[in-house]
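Structure, as structure tokens:
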Amino acid sequence: MAEFLALSDAVARHLKAGDTVAFEGFTHLIPHAAAHEAIRQGIGELTLLRMTPDIIYDQMIGMGLARTVIFSYAGNPGVGLLRRMRDAIENAYPRAIETIEHSHSAMAQAYEAGASGLPLAVFRGYKGADLPRVNPAIKSITCPFTGEALAAIPAHRPDVTFIHAQKASEKGDVLIEGIIGVQKEAALAARRVVVTVEEVVPSFKGLHPNLTILPHWTIDAIAVVPGGAHPSYTHGYYARDNAAYLDWDRISADREAFSSWMQSNVLDVGPEVFAARVESLR
Amino acid sequence: MSDFTPNEMMTIAAARALRNDDVCFVGIGAPSAACNVARLTHAPGITLIYESGTIGTAPEVLPLSIGDGELCETALCTVSVPEMFRYWLMGGRISIGFLGAAQLDRFGNINTTVIGDYAHPKVRLPGGGGAPEIATSCGEIFITLKQAKRAMVDKIDFFTSFGHGEGGDHRQRLGITTKGPTLLITDLALWRPDPESKEFTVTSLHRGVTREMVQDNCGWPVRFAAELEETPAPTELELGTLRDLQARTEAAHQGGRRG
Amino acid sequence: MAEFLALSDAVARHLKAGDTVAFEGFTHLIPHAAAHEAIRQGIGELTLLRMTPDIIYDQMIGMGLARTVIFSYAGNPGVGLLRRMRDAIENAYPRAIETIEHSHSAMAQAYEAGASGLPLAVFRGYKGADLPRVNPAIKSITCPFTGEALAAIPAHRPDVTFIHAQKASEKGDVLIEGIIGVQKEAALAARRVVVTVEEVVPSFKGLHPNLTILPHWTIDAIAVVPGGAHPSYTHGYYARDNAAYLDWDRISADREAFSSWMQSNVLDVGPEVFAARVESLR
Amino acid sequence: MSDFTPNEMMTIAAARALRNDDVCFVGIGAPSAACNVARLTHAPGITLIYESGTIGTAPEVLPLSIGDGELCETALCTVSVPEMFRYWLMGGRISIGFLGAAQLDRFGNINTTVIGDYAHPKVRLPGGGGAPEIATSCGEIFITLKQAKRAMVDKIDFFTSFGHGEGGDHRQRLGITTKGPTLLITDLALWRPDPESKEFTVTSLHRGVTREMVQDNCGWPVRFAAELEETPAPTELELGTLRDLQARTEAAHQGGRRG
């Protein structure tokens, strides 16, 4: 049952050191505020699960909070490489991390399998590719009807999933629209679900019947954080801060610049700063 | 047009290869520009799909990421990412998939994962994203690449996605039923796989490009077609469309800057 | 590419004797007009595929056009049994039919697998149930991660799928809303797709981005048939004709009553009668 | 209330077994009435799900089919049927699933497929629909049934859905982790499985019902609990709510009649 909490309480209550956690969002609706709160609370030894670990995972890895990253594309979207993640993999700085790598298709279907209560996802994939050689979690099954060998991977079942969404109703139902990504699946696959939202509205009455909604009984905690996706965007609320993504390439290229940026922009502030960050993007 | 850059030529040559009834899985960068130039010139009916779930988009400016709001706002519809990969990509509904490469071999196999050893890489690249299944599920694959010796290599360090493998009928032997890479568009030339060996062969040189320039920027001994064409220079419409698109894009991406 | 055709041409061009065909619709948007056209054209030896073969399959079976029925629930929804289908199974009247029976879950996932280009669907199902004993198409695979035995069934790949939808755009894109059932999957799983719609609108511009739409290049033919779902309903256009479903129980109970009803309500009329049938239900 | 029918008692007893935080997979008929009476009386927060994809519905009138427009119009949201079965049913999100039966045995195994032999049935029934996976995926199963000797039989002709099998730990032996049938609500009594044997045992008789009446309408030797309760008669609120709902429903289903 969805409980409305301050973000700090929602994170403290639902994210534990050592958890497997997904902060999902496919370019749109990336839960930056929630990830920053996790960083402030210093919750470590995490297994980070996400199709596109971008800035927030670069930040968590750079702060030494990740033990393992399960992913399919580790880039700064539209800009280039993730320099803190590279530093961890290439130079074990600030610590070594384990990587478990899949394709997008595999990751999306592993979430879907998790949401469906299945132990695995089965699909036609990875043919001729090298990932099955380096990721022992990629196995194969034989179709009993055609004899074809199909890829099989374990379902994703995160301990907790964090997502950002447009609206919650007063009951705690959550509405996601626009590029909806894999958030519904990531939420339904998880044991616990925490959602940050732009705003709370009395109800969703009168909305289109086929919108993407997570009922309140699928959610554990909701925190209202206007601007909470910045520098990602929230469809209908504010635009993507492309400049911030370009900036990140420079900031993350240097260990010192990174540390000082994290200190002043994450550790020394609270979730309330996000509202101001999106003001000029509305 | 007398004045154009090799990158512009590459993008426009890629745009020309697209047909009005194609359904394209678009990546960021050169493919995105090429697909939208095609849409704004000779192929207004083309369907552009970005892996963020947007189907039939018609962006005014090029997206910086594959999930910009512009893509959703101009799309016919937007589906979830699992649906995108299941029903649309793996369901076999995409006619053309675009791929870029950090390393490419002569058979169209691509590496965007690591330079060096996978466990202890010299450079950790972003990885494959959708590429492993794009390479095998789309009807055909077009590859765009700025030529360089370190990009066009004899042996790639990691098979992020499969092209023609060791050449010949290697795809069929793996049970893959799609055509794989049928066109490589570089800043210097157009390349097509040899019908038998499947090795990429230069079939057209862009204006002002020599065989030597192509070989100097390629890490394997280049094969040239018996009848080598010259790629027609960009028309005024093509170049104007591309430059307008890029100007609009640049202006848009400057926006939203805060202190 | 979607071609706008008269319903008779759409059916004649895309449905052949001996085809495996799905006329899908889950209580809502059942393509009655299209099925009646198929009956008028006497296209036979069909393998009828559908989760809930209701009145239309009862009619096609009663007319002797079906060789095989693949299904998961053969009832007159909310009313009772399908009496023509029973007569075929129990008494081989007007001919014997083969039945291939699944659960709803299996059927829905077999369509999904077909839409995904997969040869099979894998799921946790049929545990302790007798269907696997009588349906040889239900097999099992072992999860390579957990060792669990999971059900496996072949994907559905109909030769042609017929659906009814609210609207087509002038380009031939098709919008489905309300109870969307399994229609998108049934369409995407098929080799050919024919859609009847209530109306054609200039475009879908301004509609919500996440609505259920089949792009024009996934569809072969569109026929405009107002009321084409009657006595089923079209959300936003007309209500379900519950009385007609109750009537069917009586009509279908008797072979003579059935034949004479089919003569006057199907064989002797055309698709234009559907508009009048829903007038009082709007 | 002094005056109520056995069917009304059955529906109201089923409604009472539902809690405010339950998520119910509702079937047509008695379950639909029971779930909506619960929603309109003691359990306003209950979530009702119909397999047509409607989540959190609150219909004013009872649907004739599981996909009536009323369900969609009053729902929190409506998903596709594959999603309903994958994410919501098999994903383990339903606390209570309702099943009816043409034939039922003492262990809650259900037949709605055929009377007689499967290949050559005496009566071909509609089949299982969602039941095979409802029976194993929902947290618990409630069964509603009008008692009759031909419905409550020693051996069912076909296992459409699995209850407790041969009893005892048969579910666990098949790797099923949910509870299965935990309550049987008939027009005469409430039955619960014996904790060990899992055989349905009468725990409460409806008002005016005797042990003999229960046995006379059951095809196996009935076990009665040591402490047999009397089901409290419907309250005025319960009965009024049910009758109002049914009156509204009847009026609505008369509508839409054409010549």
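Chains: A, B, C and D, in written order; residue numbering restarts at 1 for each.
Everything that follows uses one rule, which is that contacts are C-beta pairs under 8 Å (C-beta built on N, C-alpha and C of every residue); 3 or more make two chains touch, one makes a residue touch a chain.
Predicted model, so just to flag it, every value in this text is computed and none were measured.
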Any chain that touches chain B and chain A: C
Comparison of C-D and A-D (more C-beta pairs in contact): C-D
Length of the line joining the C-alpha centres of chain A and chain D, rounded to whole Å: 40
Approximate Å spacing (C-alpha centroids) for the pair chain B, chain D: 57
Euclidean distance of C-alpha centroids - chain C vs chain D, Å: 28
For chain D, residues that touch 2 or more chains besides their own: 72, 78-79, 86, 90, 137
Chain A: positions in contact with at least two other chains: 112, 116-118, 123-124, 148, 178, 180, 184-185, 209-212, 235
In contact (per the touch rule at the top): chain pairs: A-B, A-C, A-D, B-C, C-D
In the complex, chain C residues that touch chain B: 1, 112, 115-118, 173, 184-185, 188, 204, 209-213, 215, 217-218
Contact set on chain A toward chain B in their complex: 26-28, 51-52, 71-75, 77-79, 81-82, 85-86, 89-90, 101, 103-105, 108-109, 111-112, 123-131, 134, 148-149, 178-182, 184-185, 212, 233, 235, 239-243, 245, 277, 279-281
Residues of chain D defined as touching chain C within the complex: 28, 51-54, 63-69, 71-72, 78-82, 84-86, 89-90, 113, 118-119, 121-133, 135-137, 158-162, 165, 170-171, 174-176, 253-258
Chain A contact footprint on chain C (complex, rising order): 116-120, 122-124, 137, 139-146, 148, 150, 152, 154, 177-178, 180, 208-212, 235
Chain A-touching residues of chain D, taken from the complex the two chains share: 21, 23, 47, 55-56, 72-73, 75-79, 86-87, 90-93, 137
